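Across the two complexes that follow, chain A remains constant while its partner is chain B and subsequently chain C.
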Partner chain A sequence: MSGQHSSAAEQTVFDVAVVGAGPAGLGAAAAAARAGVRVVLIDAGHQLGGQYWRHPDESTTDPTRLAGYRDWGEFLALRERILRHCQTGAAVHLASTHVWFVEPPAAGGGRQSWTLHLMPGGPPSRETPPRTVCAERLILCPGAYDRQLPIPGWDLPGVMAAGGVQALLKGHHTLSGRRAVVAGTGPFLLPVAQQLARHGVDVLAVCEANGLARWMRHMPVVARTPAKVSEAATYARSLARARIPYRTATVLTRVDPDASGTQVGAVELARVGPGGLVEKARQRLEVDLVALGWGFTPSLELINAVGAQTRIDADQSLVAVVDDDQQSTVPGVFIAGEATGVGGAMLALAGGELAGIVAAEAGHLERARVRALRREIGRLRAFAAAMHDAHPVPARWPQWLTAETLVCRCEEVAYATLGNAITELGANDARTLKLLTRCAMGWCQGHVCGYASASLAAGGQGRALTADDLRPLAKQFPCAPVPLAHLAGE
Partner chain B sequence: MTGTGERPTDEHALAAAAARVLKFTLDGRELTARPGQSVGAALTDAGVRSWRHTRRGGRPRGLFCGIGICYDCLITADGVPNLRACLLPVVDGMRLTTSAPAKTPPAYDALAR
Partner chain C sequence: MQAPGSNGRSAAAPRGADVVVIGAGAVGAACAYFLASKGFAVHVLERGGVAAGSSSAGEGNVLVSDKVAGYELDLALYSRATWSEELAEYADRWEFEAKGGLVVAASAAAGRALLELAAGQRQRGVDARDVDPVAIGDFEPHIRAGLAAAVHYPQDAQVQPMLLTANLLKLARERGALVSTGANVVGFDLRPEAGGRRVVGVRTSQGTVSCGHVVNAGGPWAGAIAAMAGVELPIMPRRGFVLVTEPLPPTINHKVYAGEYVASTQSENLGLEVSAVVEGTQSGTVLIGSSREHVGFEAAMSLPALRAIANAAVALFPRLAGARVLRSYAGFRPYSPDHLPVIGSDARVAGLWHAGGHEGAGIGLSVGTGKLISQALAGEVTDIDLEPFSPARFAAAASASA
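For the complex of A and B:
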């Protein structure tokens, strides 16, 4: 952005504010700006791309010369368009900026725009960044992060979220270890293993908790998404070339420290047998890096902040309810990308573009494009549903916990403490569990342990996980941590 | 705030920027980083995997989520505590110290309850 826009940004009422600059946000901002409305794109990242298109710092690396990044042509084209819109003044990009509070339009009369309260996240700059921006309509594209399950020893340094390992590779060419195991479930494990291997890391195994047989039921859907099939084939080939075993129906049941006791040294693997039972026989691998991912959890702070309705998706994630136009249940608020259901970058991009067109009130001018986008979204959603069905979190995952396993890493709450609260103290929902044990009440506010503790609460009752189990763990205010000094207006 | 518009575009400027070496210290130990690296990435490159201990169990912690979600990576930089190493860019001359984080996030305490 451009500092000179800062004060101007504060006074303008934008037609559309897009929050998030990953695939969905970029698609949305480019489409809205193309339609000729005034757009502000607000993003926590210091450069465009989000998690998916994270790349090295543009002050040292020309992004047009990068190779080996997925769907990179799409990104460069979008980036170019946004830069052009920023140069002409049609769009304003506020980088390194967090939205920590959303103020709705005044009820009846008064100001009809949303006010987003901002906090700068980057290094101090010469210009005073805007503290607020106003916009008639919002497009929220907050993205998602790796979902986690507790495993004995998972808090040892060297155990990381698969997405975090990838973020270090993509953003900094930094290797988090030399001998790795990648474990969890879902297709995302494959690019992580592939990229580690390409950077010279010895990947000893990819452990996929599920078998692949469930994909067989979804062949008609798979056949309609040939791009996904060839992507999978590419990963299969590169894993084979790097001699990385892809072990299905295999879970990582425990992480052990090395001789120093201060970092990961080995892991234990087990097969998942019939009925989801984790078999007794264990295998050991000596590793210095463990990358874990069990699908993704959408970031819902902003969605909750505007009061948009949520539902539980097929993958047991809490997601925002949207209609055919990506409109949420709150008038004037559109949502796109993983927050509407985890489905990958191309789905996010299509949803973002559709939201951008409709939010710019250009739907009637771009009828053919809107129809094409809806078809594309339908096709990719169907694929995502198949993927969620084929890669569920193992129903009996608590089998591998021990009494001492930390479920909540922040407040250091062990499984035994939660178990006691559930069986002895009668905690039958996530909210009570949280109050009794402080689980999910620490620094991360339940982002990491929310899914696991909600599942344990529901499982303790012998019932399936519901949206109501997840909601108390997804509601956070403020939307981003905000120093008191900033609130005080210093 | 950085962002679109203030980037050097010609190759020489980029090459010169990329060749810079940033110096920083961790508890007095001298380390280096590449420009644009986060503290978390630079420490990882230096072979440092943890830089704080938990309050109760005294367990070592470093990077976990890598993207600003988990707060495992909290560090003190130039006297400012509780910063996320995975998000914080290294600045030349930065002084990092390992420390235990505050009990709970102060702003959450003030606002969320």
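For the complex of A and C:
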């Protein structure tokens, strides 16, 4: 599927290029192809689905026979439609392909389309994969990654991002431990705990940093999204059945190694008291797996590369600004999914479909559908806003850091080093802090420590986190690591 | 971890300053440090953050190898001595590393030019050692084969420019200086006096600072600062890109560049100039430059420039072909039309001084520049003659050509 269209793909100017094949990208590609325009769907994954619908290799496991995956019927239907469009030639799917540079249409005449510069990410294929594709309009659906906060001992093997644990379970059914604790904030902790339990892992606790009382003020919004309520009830039942305690206002304050010293052995739990103060640790749990999740951070490489405007969302994530049609501030560029505000798969799917319809210039033909999608998006956005309000990152999280805690694991930058840069070297913004300490300059390019270092920079000045704190941590070029020879054009 | 005084030093400074330094880049920080060391009350005004401009967008070059025999080379040697003598005790703070430079030439003609350049530099006091072409691999095992000539420069060094700037400012503060970040200079208070005007204050977004002298260390924005005082200073931005690879096992020992780089720094070409400059860093990443273009302050990534840099680097170090580029940054060098920095007082406005226009050499030349400015401002005889760097030379050149 990925290779055979390559030479053709390089010569065609597509009407629409969709980047990302998670819920938003699949919704967008299917809608645009249905409207009859030529679509190219580019994705880093080797098969459709993105992170949300990650599943075992289709060459060995028939996806139609899988059970226990959320919204799986939706995925199978979208997958079927896209495969059909690929068969008829209406769509081209470039799998295992990274976009490393986005070239805008030439100013003042000349080439009027966008050029996406590509790099194959999978095993070498028989066909030469295309180096570029051109398209009139872009729909960027890059998704998001786990937001992390540093805690003492989080660099021990056995401490994982909650999303990373889930990816292993979804994609490979592999277990990464026998006794686990799941901690952080937000509803996403629940499915992770449920899936661990289903795979036979003993989940000793789910630690939710916030109380649930804040949900009470959002009851009218919650009432408008019954699907979310029944989803939560399902999780609550399965946690109860597996006898997993759900502890609110509780955080992990330390991870300790086991006797060997090389792997997670135990964690310390503390209550979050009045005013967000983290109290003294009161309990220890012996575990060999720690799953941490503090919400999600959208991937903004492509959004920054096209120069689209960003803003800070209610969950303190930097997100793309879009209008009612998912159109970004850059003409011809649409953005859908978590990059426009973290809100879950169904919101991403609706946003993707709307972007697909409008980018295919079919909005006037599908007026009723467009109206319905806008309503759906509004409803789910309101729910997401309620969720963000109910599950903030604890304001006083740096309390649990010690001087030696590594904030940036790639470059091994300790909390004390950041503190010194702030108090002694005048680092009073996130960019200066990064440049003086190398925090967020390593392999992950700030994906893991960007939020934490921006929030420490703002906290160092005694002010709230702003978009300007987060922007210097979001990179521009290249959008994906690119070998020097490939960049050189060999 | 809240910084008690970091922002508190801003806004309404209760006192005037003897000297206001505009710009908290490497040059401004060096001026502040040496002036404060002489007992001047110094106030640094910076629009952005510490080292937010050109100082954070380069490679931290401290080079003597890329200067042709002349005034700039004299300044480079003077700076080099300042680094390793007067500032030696702080070397670790800014990761000063005397790694040495290796300049190579591919063609026989370029090789002859390189050896000739080195001979001239030696006469001026540079430690430049011709390398037998068959021994180039002993210096750099992964460099391409078949190079015509190479010269080893043990004096070439590297610093971490952001740490340099921040620590020089810290040292200046310890000597009484004030540093205000987020203070955008919007104009000058000028007072008429016999024979012209005198600067008596600097107006900023955070209020006015009265002062006896102003040092314009605005980097590529120095021309715009000068214009606020009603004088012309022909310093322009010249864009350059740097590529940064993933951390690699030690691959490159020296600062390695093609001899064409020297020609490129001296070029008046307004188009894109590219020559390979490759070096490893302590964190394992490899920094790859360089390009030079006159495109104003346009920072958007330019694929042709990046491709050309990548090509040149792979040609020099074939082993880098598979190294992945993680990030890239654009910076603006303060370009001066005759490739000499501008250091000294401005005869057109009393109390106004300039310290800038070092193009790509500002980090290495910063400390020499700051020290000389402090001597001149104190009315002392400067360690080297500032006449060749005088801002007046542009006016002289203009009237000569008119």
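One rule holds for everything that comes next: the second predicted complex is superposed on the first by the 485 of 490 C-alpha atoms of A that agree within 3 Å, B and C clash if a C-alpha of one lies under 4 Å from a C-alpha of the other, contacts with A are read in each partner's own complex, and residues count from 1 in each chain.
Rule of thumb we're sticking to: contacts are C-beta pairs under 8 Å (C-beta built on N, C-alpha and C of every residue); 3 or more make two chains touch, one makes a residue touch a chain.
Bear in mind the structure is a predicted one, so any value in this text is a computation, not a measurement.
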Exercise for the section: Check whether A:204 is in contact with chain B, with chain C, with both or with neither, and answer first, second, both or neither. Expected result: neither
Practice task
For A:302, decide between first (touching chain B), second (touching chain C), both and neither.
Solution key: neither
Exercise for the section: Report for A:174: first if it touches chain B alone, second if chain C alone, otherwise both or neither. Expected result: first
Exercise for the section: Once the structures are superposed on A, label A:47 by its partner contacts, choosing first (chain B), second (chain C), both or neither. Expected result: first
Problem - chain B versus chain C as contact partner of A:445, first or second or both or neither - result: both
Exercise for the section: Quick one: classify A:249 as touching chain B (first), chain C (second), both or neither. Expected result: neither
Exercise for the section: Quick one: classify A:481 as touching chain B (first), chain C (second), both or neither. Expected result: both
Handout entry: Contacts of A:459 with chain B and chain C, given as first, second, both or neither
Key = second
Handout entry: Superposition-derived comparison: chain B or chain C, residues of chain A touched
Key = B
Completion exercise
Dual-contact residues of chain A, meaning touching chain B and chain C, are 441-443, 445, 476-478, 481-484, 487
Problem - Residues on chain A engaged by chain C in the complex (per definition of touch) - result: 101, 103, 117, 307, 398, 411, 415, 418-419, 421-429, 431-432, 435-436, 438, 441-443, 445, 456, 459-462, 475-478, 481-485, 487-490
Problem - Residue ranges of chain C touching chain A (in the complex, touch as defined) - result: 1-4, 6-7, 49-52, 56, 162-163, 166-167, 169-170, 179, 181, 243, 245-247, 283, 288, 300-301, 303, 306-307, 310-311, 313-314, 320-328
Fill in the blank from the handout: Touching chain B in the complex, chain A uses residues 1-3, 6, 44, 46-48, 51, 56-62, 82-83, 86-87, 93-97, 120-123, 125, 127, 129, 145-146, 155-161, 163-168, 171-172, 174-176, 262-263, 409-410, 412, 441-445, 447-448, 476-478, 481-484, 487
Practice task
Would you pull the chain B residues touching chain A in the complex into a rising list?
Solution key: 1-9, 11, 14, 17-18, 34-38, 40-41, 44-45, 49-50, 54-57, 59-72, 74, 86-87, 89, 91, 101, 104-108, 110-112
